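Letters A, B, C and D mark the chains in the order given here, with residues in each chain numbered from 1 onward.
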Amino acid sequence: MPPTAETPTDLPRIELRSDNAAAVAPEIMESIVEANTGSALGYGGDDVSADLTAKIREVFEHPEAEVFCVASGTAANALGLSALVPPWGSVVCHETAHILVNEPGSTTLFSAGAVLQSVGGADGKVDPDVLQAFLDGANWGDPHASQPSALSLTVPSDLGTVLDPDEIGRLTSLARARGLRCHLDGARFANAVAGLGVTPAAMSWQAGIDVLSLGAIKNGAMSTDAIVCFDPELADGFRYRTKRAGHTASKMRFQSVQLLRYLTDGLWLELAGRANAAMARLTAGLTLGGLPAMFPVDANMAFFEVPDETATAMAEAGLDFYRIRPGVIRFVTSFATTFDEVDRAIAIVGEVAGDVA
Amino acid sequence: MPPTAETPTDLPRIELRSDNAAAVAPEIMESIVEANTGSALGYGGDDVSADLTAKIREVFEHPEAEVFCVASGTAANALGLSALVPPWGSVVCHETAHILVNEPGSTTLFSAGAVLQSVGGADGKVDPDVLQAFLDGANWGDPHASQPSALSLTVPSDLGTVLDPDEIGRLTSLARARGLRCHLDGARFANAVAGLGVTPAAMSWQAGIDVLSLGAIKNGAMSTDAIVCFDPELADGFRYRTKRAGHTASKMRFQSVQLLRYLTDGLWLELAGRANAAMARLTAGLTLGGLPAMFPVDANMAFFEVPDETATAMAEAGLDFYRIRPGVIRFVTSFATTFDEVDRAIAIVGEVAGDVA
Amino acid sequence: MPPTAETPTDLPRIELRSDNAAAVAPEIMESIVEANTGSALGYGGDDVSADLTAKIREVFEHPEAEVFCVASGTAANALGLSALVPPWGSVVCHETAHILVNEPGSTTLFSAGAVLQSVGGADGKVDPDVLQAFLDGANWGDPHASQPSALSLTVPSDLGTVLDPDEIGRLTSLARARGLRCHLDGARFANAVAGLGVTPAAMSWQAGIDVLSLGAIKNGAMSTDAIVCFDPELADGFRYRTKRAGHTASKMRFQSVQLLRYLTDGLWLELAGRANAAMARLTAGLTLGGLPAMFPVDANMAFFEVPDETATAMAEAGLDFYRIRPGVIRFVTSFATTFDEVDRAIAIVGEVAGDVA
Amino acid sequence: MPPTAETPTDLPRIELRSDNAAAVAPEIMESIVEANTGSALGYGGDDVSADLTAKIREVFEHPEAEVFCVASGTAANALGLSALVPPWGSVVCHETAHILVNEPGSTTLFSAGAVLQSVGGADGKVDPDVLQAFLDGANWGDPHASQPSALSLTVPSDLGTVLDPDEIGRLTSLARARGLRCHLDGARFANAVAGLGVTPAAMSWQAGIDVLSLGAIKNGAMSTDAIVCFDPELADGFRYRTKRAGHTASKMRFQSVQLLRYLTDGLWLELAGRANAAMARLTAGLTLGGLPAMFPVDANMAFFEVPDETATAMAEAGLDFYRIRPGVIRFVTSFATTFDEVDRAIAIVGEVAGDVA
């Protein structure tokens, strides 16, 4: 379908593909520029990195938390999990989990062979009953079977839904009762915390999480996510795990400063709040227009059932987004998404859906 | 020994520990800031990353070269080597090689078990006769012995010396004659190229190198080094190797732009030239003062035999440097080292060495 | 339920748990004893091992086939697959495949991280349409997804069913069309070959198989299964793969002689034929008695739906077997299972099932 | 040099290549044959395997020792060490250690990347002062350096010398003081115990050893060596480590029975005593004839400096042995070496050496 006269081709396209397509938040870019003064010891031996550790402990209200900047969420997840499972263990996760669907081979690499085992649950959330049944049915102590050794939860989930602290705690309790350690893939952790209005502590260690992948890149940072470790006995090992994986940055101060600024003065929650608000406005508008999201929209991501021709028309009209599978599309907002873009997106969808339907 | 009245304690300390302690070159920082506009596809699907590939091909005069930004030289080395050796192979390197001394376990991790085997040679350079003898003595085809599968050269070496293209070519020829592939650890590649005044092509693929670890961080970049692959058959594998290792940056454009700027308008060689010039001035001054370097000084690094008390006095007088072992210290200059700092350093050493001796 | 007066408690229990619970076939034990003369070079440099290679080539009608004795089927599968997939690849197998269900972590270990991906199909057989759909839906070339690199078929399957050469060939053709290499887990290969009355060649390389795990232990051997490699380019690597995994036996002649005898004079097919015949008689009897098997019985294994109390009563009456899950039991016969035992088993089931029902 | 008329070409050649070239001891072969009765649960769930555990505890006087039969000494060493070191650790061993020289890549494979670091010492024995200096010089806590995590001693050493319990204890004390765990490669453990006349306990856990590779194949067994674990906390992990490596034999009873017989009624020490006595007689005779061994001969292995032409003449005269490097040959006796063979060997060497010299 060619663009019609009404198609606003002279306007910039609207970015709804992924929050990692966004630029760097100006505050964070500024902090990087400001950090560029004089010399400093490499590999984390600098003052900014020390400040970051202090900031993490303050923000997470945990006096022994340790933070390790790594170059990606993939690294944070796989290196984080590697500390929680033996090579013959398994990581239990939701069947839609990013570590299972999009990072295959990373956990096996860094854990030296541990496998992923998936469990189900509605709306991208691990169902406690399903988890319990899985744990009850595991062949404990049988070397012919992978031994479930860690639970990995994703919050927000890959469907854009959010487990609250109670839900997380319930799942980690079931897991801990069978000896599993607990990891949280928080690639969009800020969006969950901002959305629920709870404390970072409540969403992590107070809910039974040992190791958190703290995402920042999708929410305005440039080149660092982080492993946050709440178990002092595991922390030292991460110094070796990250170094041998090539994730201990030589000029670490420029990684640390991003996270330091991110966590200062609530910037991370402000940025996430903007993304969440944009998504809320978008889904409200689309629902009104007759296109409800497929799952609860708890953060900055939503999925919609849209015929492929409609999707094509949307794209031609200026929307950038992902087609998850035939008939299903995904919209993701970021801190940089403006209400104006949201309103244009709603208009485009309304126009095109009508046009096609 | 307490600082005397003459100790210039009011002046900033002089950074000679490592070139990775330097800040980011202003030109590169500027390019990062300028890249921060609008949205772009992640994981390398952006225009800047495409431009970087074109730039690499131009600078290295190789129409099929591929470049993969990774977060550290460790990652570049270990991932680069992983493409050249089977799990039962060995990487042959100089006994002072960084991959052997300071990155133990990284090559074993990414190559799934390949080991490092060291050979000797004066001044940190692999000796062709020693290499030949090693290759002649290897238990080829014997599964009770690691099979030498790759040669890794370091240029400049970890002792600050530089193999020229002929020397590299001679070594790679010996290796290739026995079926080994060839890797060059170029953490300070620009310093070698600038020092010799040869082309990047002459120092790499034209001299028999398959995969180059192209350092940038030690010479003014912020958060990226790179794997440069000259063998089209190996290149595709690096897309998977880097991703599963967590080294495919989500916001890749901010990594790519650093290298793009680095390689544009000869900036990389200009920065390296400054570091080399500072070191040349420093060693000239120290030699005049009676403290010759232990090895030929071909780039931006030099070692000196200095009694431990003298070293302590130097440190107290304002010099920052590494003590390699009792009686031996190392100075490294960077693009940011000023001639003024060099002259102060010469003065301090002269003063202190006299003072102590 | 206590044994009644009729329970034949004075008779030995009937072994239907697994064919690996059987003893060693007398012919094979005899060959081991006879091999125990004089000295011989270790690690496969002996005459018996050379004879085995010749025998494999003869039996499989393949002049370049190579055979590598290893200590278990697990080793044969995982080492065999390690030659077919890159570390970022995946092995596609049926959801009931032994490599997936019972050898988790072995493939990840030896392949340095490759993952298993399962597809469905009735009766334990990969369905060609399901396989094709899986292959069509794979994210080829996307480093965020495991790249399907090998197809592993299990014949007989873990449900006791057998793919014939045409079925194997159809599946391997689909796989090969997408660049996958093909592996056959033949832990009970002899039972399949004997059951179908086809040639070993037809069931393996002629049907598109690159690497075969040739089971022998479950069919009368003592301590060796084998990797049979039909691709000369892969063969050399197995010498290193097996050695570094500790699977190159020092006194290899005692491993080789087992397989040599196994494959001589059709012993392997005779032994398998006995196991198959025992199972055929058993299932015929049970079907007559009103207990049909759950899946087609193509070899020496069958599954039955039996209430747990009935299963308990069967066990108390002298049958040894596995309970797969509540309500489902499995019987496996071996070369050592006698018709007398089969008839007693039928009688026990009849008695007990009636008794309980 | 062609055989002369005097060359006893009609006599069988004399096996001095390796003790693994010997056949299986008749007592052990008999035990295998006797074990071949009826069915038994696989994977170690049989009675013989339970008896073996009891026997190990009795022989080693350790109530919690656990034993894991594996298919080779390589597997015993590499799997054993994998329990003692983290992936970023190193195993410290003598520069002549089998694990370093002949099993490269096995430790890296099973430990997921740990490297080997060698130390020196005369006669194949780790020198305590050298070890201490190595430990003092290690970069503890520095992620840029492998962290020494285990000491591996080889007794008898690869030069045929034997550390006594005091020497072992002194070395393990030094290692333990720095937090290292201790492994003993006992491929020829029986030869050391028999030679010294000490208890197995004194040579292992009482001397600070956590995990022992208990060799049997070189001393009369057929297809199994074993891991003996003295640390109850590590033992459970070996069940998974061995299974996923394919070293948990399906018909384990035939592995277990070999070791059970080996350790019963002192058979292992009797066999080893024979090998030692043959070597003692051989070296006495050769010393008298003017050919002293290069190192102390503490067990069943000796090295000699012999011109290459002499070695060739020896081989032509009927001796089978290994040439270690130009000018150096190695003789190894086994339980099967007869005094008659020894005397013939002495005669041949005397004749040939005179002949050549």
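Methods note: a residue touches a chain if its C-beta (ideal position, glycine included) is under 8 Å from a C-beta of that chain, and two chains touch if they have at least 3 such contacts.
It should be emphasised that the depicted structure is a prediction, and the values quoted were computed from it without experimental measurement.
The chain pair with the larger count of C-beta pairs in contact, out of A-D and C-D, is C-D. Chain centres were defined as the mean of their Cα atoms; on that basis the chain farthest from chain B turns out to be C. Work out the mean CA point of chain B and of chain D, and you get 43 Å between them.
If you average the Cα atoms of chain A and of chain D, the two centres end up 52 Å apart. Distance between chain centres (mean CA atoms), chain C to chain D: 34 Å. In chain D, the residues that reach two or more other chains under the touch definition are 87-88, 103-105, 109, 112-113, 144, 240, 243-244, 248. For chain B in complex with chain C, the residues that touch the partner chain are 43, 86-88, 112-113, 143-144, 147, 237, 239-244, 248. Within the complex, the chain A residues that touch chain C are 87-88, 90, 101-105, 108-109, 112-116, 144-146.
Touching chain D in their complex are the following residues of chain C: 12, 15, 17-18, 20-24, 26, 29, 32-33, 36-42, 70-76, 78-79, 103-106, 109, 217-218, 222-223, 240, 243-251, 254-255, 320, 336.
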